[in-house]
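Labels run A, B, C, D, E and F following the written order; every chain starts at residue 1.
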Amino acid sequence: MTGVGATRRITVVNPNTSDALTATITAAARAVAPVGTTLVGVHPDAGVPSVESHAEEAVAAVGVLQVVRDHDADTDAFVVACFGDTGVAAARELATGPVVGMTEAALQTACLVAHRFAVITLPPRTIAHTDRVVAALGLAHRCTVAAVDVAVLDLEDGAAAELAAFTREGRRLVADGAEAIVLGCAGLAELVEPLGRALGVPVIDGVAAAVGLAAGLLAQGLTTSTAGTYARIAHPGPVLTTTTTATAGEH
Amino acid sequence: MTGVGATRRITVVNPNTSDALTATITAAARAVAPVGTTLVGVHPDAGVPSVESHAEEAVAAVGVLQVVRDHDADTDAFVVACFGDTGVAAARELATGPVVGMTEAALQTACLVAHRFAVITLPPRTIAHTDRVVAALGLAHRCTVAAVDVAVLDLEDGAAAELAAFTREGRRLVADGAEAIVLGCAGLAELVEPLGRALGVPVIDGVAAAVGLAAGLLAQGLTTSTAGTYARIAHPGPVLTTTTTATAGEH
Amino acid sequence: MTGVGATRRITVVNPNTSDALTATITAAARAVAPVGTTLVGVHPDAGVPSVESHAEEAVAAVGVLQVVRDHDADTDAFVVACFGDTGVAAARELATGPVVGMTEAALQTACLVAHRFAVITLPPRTIAHTDRVVAALGLAHRCTVAAVDVAVLDLEDGAAAELAAFTREGRRLVADGAEAIVLGCAGLAELVEPLGRALGVPVIDGVAAAVGLAAGLLAQGLTTSTAGTYARIAHPGPVLTTTTTATAGEH
Amino acid sequence: MTGVGATRRITVVNPNTSDALTATITAAARAVAPVGTTLVGVHPDAGVPSVESHAEEAVAAVGVLQVVRDHDADTDAFVVACFGDTGVAAARELATGPVVGMTEAALQTACLVAHRFAVITLPPRTIAHTDRVVAALGLAHRCTVAAVDVAVLDLEDGAAAELAAFTREGRRLVADGAEAIVLGCAGLAELVEPLGRALGVPVIDGVAAAVGLAAGLLAQGLTTSTAGTYARIAHPGPVLTTTTTATAGEH
Amino acid sequence: MTGVGATRRITVVNPNTSDALTATITAAARAVAPVGTTLVGVHPDAGVPSVESHAEEAVAAVGVLQVVRDHDADTDAFVVACFGDTGVAAARELATGPVVGMTEAALQTACLVAHRFAVITLPPRTIAHTDRVVAALGLAHRCTVAAVDVAVLDLEDGAAAELAAFTREGRRLVADGAEAIVLGCAGLAELVEPLGRALGVPVIDGVAAAVGLAAGLLAQGLTTSTAGTYARIAHPGPVLTTTTTATAGEH
Amino acid sequence: MTGVGATRRITVVNPNTSDALTATITAAARAVAPVGTTLVGVHPDAGVPSVESHAEEAVAAVGVLQVVRDHDADTDAFVVACFGDTGVAAARELATGPVVGMTEAALQTACLVAHRFAVITLPPRTIAHTDRVVAALGLAHRCTVAAVDVAVLDLEDGAAAELAAFTREGRRLVADGAEAIVLGCAGLAELVEPLGRALGVPVIDGVAAAVGLAAGLLAQGLTTSTAGTYARIAHPGPVLTTTTTATAGEH
């Protein structure tokens, strides 16, 4: 859709299948979208209710690919709204426009406002997922990764209930030298303001950060390089079906 | 199946859907399996004919999970036979026994017989997939990653036709200081002997290397830690269906 | 000036004293500025005609501080338009709003559209200045730094004359695996389009990239952390005077 | 002895001169040796009773070379059973078959079953010896090195007495994110089972790990590369004599 | 002045404008100067009373350049006596003889007497300045950077009053594995002896360390390479004037 | 012997047993020794004629220990004159005064006069030995290691014959960005002047560099930390005997 009109469309992909989280994420994205940008939030039809493991991430990545295939024709840029940047590399091979992951966006943004910073992700077992993105960006010397013991689905009723846990962990990290805090999950935008006030340091929501980066890429006319790593390919074909979920539940 | 008898069973998972490559890989694995080990090769029912991109890797990873779910009950250890270690982290969360990727196995093995070494992978766009495993193991200071311009499916008729390309690239790498060569794709075992003879350095097939490591883990009674990153979970549910492949082909 | 009206003002600081380069840079910045943003380009009254050494960089950094002091009251965000990010850390301590360096902006942007990329800076002796920013961002594993033998002041008459040199070096870097090219100097925006066409990969101008990041930070309400490294301070006092330039010329 | 019969012989070299520790180590190695493998444990005639410093390590390394020279003719693979991998690089230059150090074996094995892990070595002054191997393998981003205040010779009467110290330190490391524990000394195999039970994570004995890797190398027909770093050489000649030990004792 | 006589002259540059600190630093430098070396301490005419921020560092760096220009004719080697090595890279481009920073000198010296060590700098906000030098030398794997909450100007009356704070922080660092302590500020030489006695580890003053390195470079006839990064240039011209300090004070 | 008189004694240890090389090295060291320093060159009684492999290095390290034991009483500081710093860590545990390796000294010195530099060592198989020291100092980002195909013993008749080989390799490295050259072997001091003239960059002899660092440590009253890694120990006892050399020759 590049250049077909004055309005740019950014599609925010929530890799899990939660309607509630998709709504929250989309609202957060819209709050920072520049004038002249249409922002649409979507999630895959089939997949997982939340991404808290490598196995769920594997399934969710295929869902991201389906969304990219289905929405590429009317999307100028994609934002992938899951900490760990589920499926982002694969999406870059399919999408016509640029693709920005919320994790890489949040980490890059933190570099601009702080020398050292920390991520608070959730639940603790996903620290390795964040480590992976930190390593891909080479930021281990500036970024500490910590976690609170909260499940992603606990956020469906809003993130406010988690403020105390984030404040406690954030205070520890700031005392240890963190000069900014990255919220390590989508759907936490409502913590930005109160947590920032409690800690006295910038608090970064990766979804908002990614929308800004995507808008900047569009303004510059930049999209993913087709030379080498992310050379364009067709969608691989197979998609997800949930008919066997029952069987899986018995596992 | 741990401990149920004197015989150990290692399941080698080929993440793509090629019968020919599965047969080649299984033969290579059997050639080095220790006495008392049964070795079975399988591939997912649905998926991609080869893994040469992040998008295909995403689809193949879900296939690996299905294979692990279906074979876990009668498997002592899994070997994942795809360069890039497709789905290995996710498989570790589902499998009862240990899971070894052919890439990590090959790189570790190279460290034991050479100070500096090189991977020859294929096709060139997948260099980033190997880089990812090299970085996860911290071996960038000892390992160079190169590629030959060959498609994975060209290997279905046997790898012998690629000997010239591997020899040419291998000579360049050895002249630059590589003391061993890692074959950067499954299905290349028949190159080990002639390429080693041509280059005068050890040549390593990751499938064989992984079988050795898996056997060693079984002998030690070791399996994946359930603390933290790879804590056990149930299969996420959704599986792949290929009914939409036709549509994808039109993409 | 934060929040005083509907319009945001981004001040682009050219650390050298060239009117011609300031005009070129400001035009490049305006071309990508989002709706509702006023973009002003300035340079210090005293300083150096170009920054091609650490000594000139030291002098130019003090000029950047003077500009920040003089323009902070009516600036929402600063962009520093010199490769090497002259004075950016110091400016963060003085400015009320965020400060973005064109080098960090260009490198971060390259990460979003390419796995591996290269900078072409100038002249060759300043490679170490770029290395410094690459290291601060931890990107040595993804970024190669090269140079063309061109003086900064040669760009005062426009960058078009340097297209051949950039194309030659760019072709070498793309053949070696670079998937995007970063222009390693301000004032090169007119090369973005023709060089991109010649090389077939994204070409990134750091000034445009920095404007996008600055706009994104403003949209998110983010500014430099006052905890630790960049805690606010008053301008140190001493400023530059050029009365002894004559003497220096005799040196 | 490669290929002379159906039976493989692995020689486990204890670099210190303790008969008791050699017996313990050999038993641990035999417990995991594959069918068809003969396992022999030896130690140098002259040397040091334990390796707890760089100076003792220097002496012990010469002893390892003597053992390799004396046993190469009837050995298919060597395992060096001392944390820090005393003399392993030198042994690779002399031995016909592969040489595996228990430290590199343990660290590689930990990578297969855990994302992050820790070594508990002894005594504390030898942490730098482990750091050296961790750095050679590039694993500092995944491995923490800690120590208990126990002397190597305290292990001559069995390791059981040290279970409490290892459990205490292990609990601290697991709480800090370690998902597996590497026993940082030979002769600790009897801790594997009780410590693993106490901590709930895999516990790895490097001697057992090294036997597995050596067996795998033999199955693959791999030995040390003779190109470059480990090119074969003759034994350098001088050997150790202990006649001056008395003098040293007076030092 | 190289080679004009039997006596070598080392000029120690204090980048701030404090007479008291210049006197303290010069005394510390003279205490270790080799026979036949004349040691002169100077500071810029205009600048900042202390360097505790990037902004002050930017101003002080220009002062260092002025000192180098004014003293190069009768100086064989320069030592820059400010933690963070203010202006050292720039000074190398102007000076005829070698230039040694006290930070790089202290860190290199610590490597010779300890495997792991720590810097105690001041005030805490300048930790990033030390990090920068640690990273430039690649020593993050051996060096921890900590800080005491003391202002540089508190040292004008002597460092003895800070012994308690340094001892407290030093004890913590030694307990955590530091085997030597680097004093992270000029003007602390009088702490070397009592702090070393209190902690039982070597304590290193970078000014003394730098004088030793400068003397060594002179003995070897070595000076800064003119190839590439530090190729000689003339002083850029503009110098500092303090006439606007009053205005700055009002800021 | 610390403090017993006005004169300091530095003992230069040549780890191999060549009288000719010891004489060359000692002369090079004396040429840069400060006034008031006595410089003595020694080599072990038993050992290897040259160090060109890990096995020879292992033997030579024990010889270094013997020399340190025999000369500690009348030595203020030791310099170990073998590229790779044979036995330096072990020597630090035995010596009363500081111990400086020629490799670490050369690399540190290069950092003071160049941003990027290169080592030319010999023969090629020892590149890994230099890599080890480069990694221990964390300098891989600034230092390239190359080699000429010359045997150490070829230097016994003087290094002049190797000037052409070093010039050829040096020119290649300077063209690739090296701003200084480190001579990667003891006994090459006579190349410093002609190679520097040929290449136009500083050329560094590690023996001279180490003498400067040792003198600086003595002036500061610094010696090896006894806390942790290098805590003092007695000589381990066993020493080398060459009676079995004949047997080794038959190997």
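Here, a residue touches a chain if its C-beta (ideal position, glycine included) is under 8 Å from a C-beta of that chain, and two chains touch if they have at least 3 such contacts.
Given the structure is predicted, the values throughout are model-derived calculations rather than measurements.
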item: Chains contacting each of chain A and chain F, listed by label; value: B, C, D, E
item: Shortest walk length in steps over touching chains, chain C through to chain D; value: 2
item: Chains touching both chain A and chain C; value: B, E
item: Interface numbering overlap (same over half, different under half) for chain B and chain D; value: same
item: Where chain C and chain F are represented by their mean Cα positions, the distance between them in whole Å; value: 44
item: Centre-of-Cα separation between chain E and chain B, whole angstrom; value: 53
item: Multi-partner residues of chain F (each touching 2 or more other chains); value: 115-116, 127-128, 135, 140-141, 177, 228-230
item: Chains grouped in pairs wherever the two touch, ordered by label; value: A-B, A-C, A-D, A-E, B-C, B-D, B-F, C-E, C-F, D-E, D-F, E-F
item: Residue ranges of chain F in contact with chain C within the complex; value: 115-116, 141, 177
item: Chain C to chain F touching residues, read off their complex; value: 127-128, 131, 135, 140
item: Chain A partner contacts - residues on chain C that touch it in the complex; value: 32-36, 98, 100, 104, 108-109, 111-116, 137-142, 174, 177, 179-180, 200-202, 204-205, 208-209, 211-213, 215-217, 219-220, 222-230
item: Complex contact set, residues of chain B against chain A; value: 46-48, 53-59, 61-62, 64-65, 69, 87, 89-94, 124-125, 127-128, 132, 135-136, 228-231, 233-242, 244-245, 248-249, 251
